[in-house]
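Got a structure here, written out as structure tokens. Questions coming.
A, B and C are the chain letters, set down in written order, and residue numbers restart from 1 in every chain.
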């Protein structure tokens, strides 16, 4: 086991290095010379040249990359040229928001998806099953930017049950925080549950065909017990996986929901950094987010290894 | 510069210019103290340090109006009134302005506001070593001197007749910041601004909210009325309006692209629409060094194919006001003849035919819903005249460098709302300026710009600017689509919001009923 | 990563019960797909008004004989935009997954067959691609390359490669241990022969099933990118960009958002119904893999 952990940890190193290179290259590719962006009307050729020199933009790209990497290894991710905020400040302010949003969305998604999946698997091929699978696709094809505004009109403007936009930190006022989070999380969950339901449903249908289920039936166990214990339990591993994948995918992918509901999350920070060419923020935050993703995957892998011993001896 | 909403205008002209509606200042005594006002803004404010952010955007202006004070403000009629300055006078040639400052004013950090502070604010922005983008708007001021603790003298290279009016906008150039604070806080000053204004920055979470608390020691006793102002960036126009309807926001910034909601709010008795017709316009520059725009026939055809009233219908349900010159109704420059080319599709077609070759070009368009809509409508109007425009969508940060490097055939730009046309007109059209985007050089145009700059007489300057407009319109090196109009929508209970002079939504004097 | 092997399950859904008989739903789905493809392909031949010509004074006009589905926010014929939009949505929605299918499929098969260092490199580089927030990648690359349907398709295609790679690799891994492959190896078949003749036909099935899902997802994602200003360049319409534009006049003319949404829904649904049915027909045991 220890050997397995060590090997997986070692594997993280090249991946993280590659992520940092990719991050840096992508940020450098963005068109629009930073010096012109900063100087605006003062962009005389002399000023541009001077500023480029000050910012080190006239150095070759590999030199800039190693300079940046060296700073990061010393724990200095840099500061935004626009706001003066450090990358770490910006990330620590925004990560909790996006993180809560993702967890909340995933929970709602599971709460809708899992029962439906069980119900559908139990009656696979029935009218109910088809109706639900159909609605799942219906939800998939409503883009979040449309469902978000519809939910706002319904729950905030018409019914006045929930606030339309805004955010309060959980630590400040938990109830208010949840009220602000319901609609954005629901919007995301509406796009999440179809996936959860589909995967789990097929998984369970497969499980229900296994020999041990037949055996359980032959032994006269209650159908509900067969469904929940014998079929759902082996599928839970799948559930862990999709949940992990979904959360990973949501990192930085929540920007539309964050924009519409005015949540101060990481997605808006990143997109704003691209639009204003705030490269220090962009590089730093993307690197941190990507590292977070890689490490989370590592943890999921470890969980697997614990749950399923075959993996650590197998080919993973 | 593009989306920087700034605006000034000369006092007497506001008597001429009409205003659509708005809660204007009500008589004293009706004000109610206390309460919290939440403002829904369009943009996330980057900060307040001029050296970091250069110029303030429209959202930063609103915050600056509460945290800081300017030397001069405008009254309801648009006349300059004392604020941090008590009085002012000028030399005969208008090349020197002397301001007497209000005594006993302190910054939020307790340090005194005085002539030295004014000078330090100016010097910091003017210093070439700081390469501040903000220096663009103070290029005509040579220096600021202090003659005593409460007297400052501004020296100009050319006559500056409208100087007090130009000082009223809550821009990075004009708001008075605490020199002690920026020196001690360094990089952190940008997000921890210190001014003399009626509200003090209490907390600020990027992307979420900025909380401003009442300044108990404000020099204008009895003001401000509100206990707290909360500024929230609500980037999506639809959900911003929904937030106003559902009560999360008391007042929101809006623009004419969101015409449906503005029209809806005008019919809603629970809402008040604030609007202001500023000077300046949304404009486009063509690169006259490259085909097809090196040919005047093509340039003129492009302008003559523009059906502005119809375009206004399409992009903003008719709210946009067509522009025929760069000054607009809100400016003191009034021309009997601005030389605008008429809308004449047949003439445009004839010009293109005369040119002989197919006219095809690419226009830069910002990758926003607004940019796309306007781009598509223009494309359509030109297509009717046989001109093929291809939309090249780029983000905002790409437009500026490409414009300065002249990597475009046609680019959108904006002439913002300034009290005097000189800084922008000179920069946009004088040979050799980095912003002279059309790459067009004409000795007559240069002569007129220089003359308008160095003349104090308002009638002569008006004549110069009208001649400039005629020349540009005839050559069609730039063209103007719509004049600047500013909008905000509030709950009807919100009172005391002044006219949006300079395109700034100033809530620092507001109260809630 | 340990998640890889399980991705295959996403493709295995159809209950065997439904598999053998093609319900009416299936034929309805086929009918809708044929209709969409037909009008999209023949759009130029149909007697439609131009999808870009504006009648600026006739904005958001209701249904009429002249404009069957009314006009959009800029006075353009809604039906015509829907049909031309189908073309774009289908081009992007089909071509992008093809990129993922070809590159991801090939990489996954090679990785699953040859294993060793090559597999580590492939899996590692896919992890890098996955770790990068996809939207940020799309934004940055579009800003660099410029907006065009081609670039958009390529970006969406590249973003889909890791998923296809996982599916192909997982299938190859499990197949490589099967008797028929081992037998072929024992008979001295070349690697190329085993990959192409023995493995490919079997890996192709789950890949194609996944492909249909990817088509649906891509059509929706293109819409999301349109919202951020990254979609197809105007004045071309796609269903996603039409929903985005219609969103601004939801209370005045909700149909402008809902008509393209319904078209998208029916198409996505049809693709999946057909996919499910085909999978069930070709390999009923998939679900039990």
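As a working rule, a residue touches a chain if its C-beta (ideal position, glycine included) is under 8 Å from a C-beta of that chain, and two chains touch if they have at least 3 such contacts.
Here the structure is a predicted model, which means the values were calculated and not measured.
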Of the chain pairs A-C and B-C, which one is connected by the greater count of C-beta contacts? A-C
Taking the mean of all protein CA atoms as the centre, name the chain whose own CA mean is closest to it. A
Distance between the CA centroids of chain A and chain B (whole Å) is 39
For chain A and chain C, let me know how many angstrom lie between their CA-based centres, rounded off. 21
CA centroids of chain B and chain C: separation to the nearest Å works out as 45
By residue number and range, which residues of chain C touch two or more other chains? 143, 244, 247, 250-251
Set of chain A residues in contact with two or more other chains: 30-31, 149, 153, 274
Multi-chain contact sites of chain B, meaning residues that touch two or more partners: 238, 394-395, 398
Footprint of chain C on chain B - complex, ascending: 237-238, 258, 260, 264, 310-311, 313-314, 317, 365, 367-369, 372-373, 375-377, 379-380, 391-395, 398
Interface with chain A, chain C side, in the complex: residues 1-3, 6, 9-10, 12-18, 25, 115, 120, 124-125, 127-128, 130-137, 139-141, 143-144, 173, 216-217, 219-220, 223-224, 227-228, 240, 243-244, 247, 250-251, 257, 261, 264-265, 267-269, 272, 287-289
How about chain A: which of its residues touch chain B in the complex? 30-33, 36-44, 47, 50-51, 79, 81-85, 90, 93-94, 148-149, 152-153, 156-157, 160, 163-167, 259-265, 268-269, 272, 274-277
Sites on chain C touched by chain B in the complex: 52-54, 56-57, 59, 73-75, 143, 146-147, 229-230, 233-235, 244-245, 247-252
Listed in rising order, the residues of chain A that touch chain C in the complex are 11, 14-15, 18-19, 22-23, 26-27, 29-31, 124-125, 129-130, 134, 137-138, 140-146, 149-150, 153, 198-199, 201-203, 205-206, 209-210, 237-238, 241, 244-245, 248-249, 251-253, 255-256, 267, 270-271, 274, 282, 286, 289-291, 293-294, 297, 300-301, 304-305, 311, 315-316
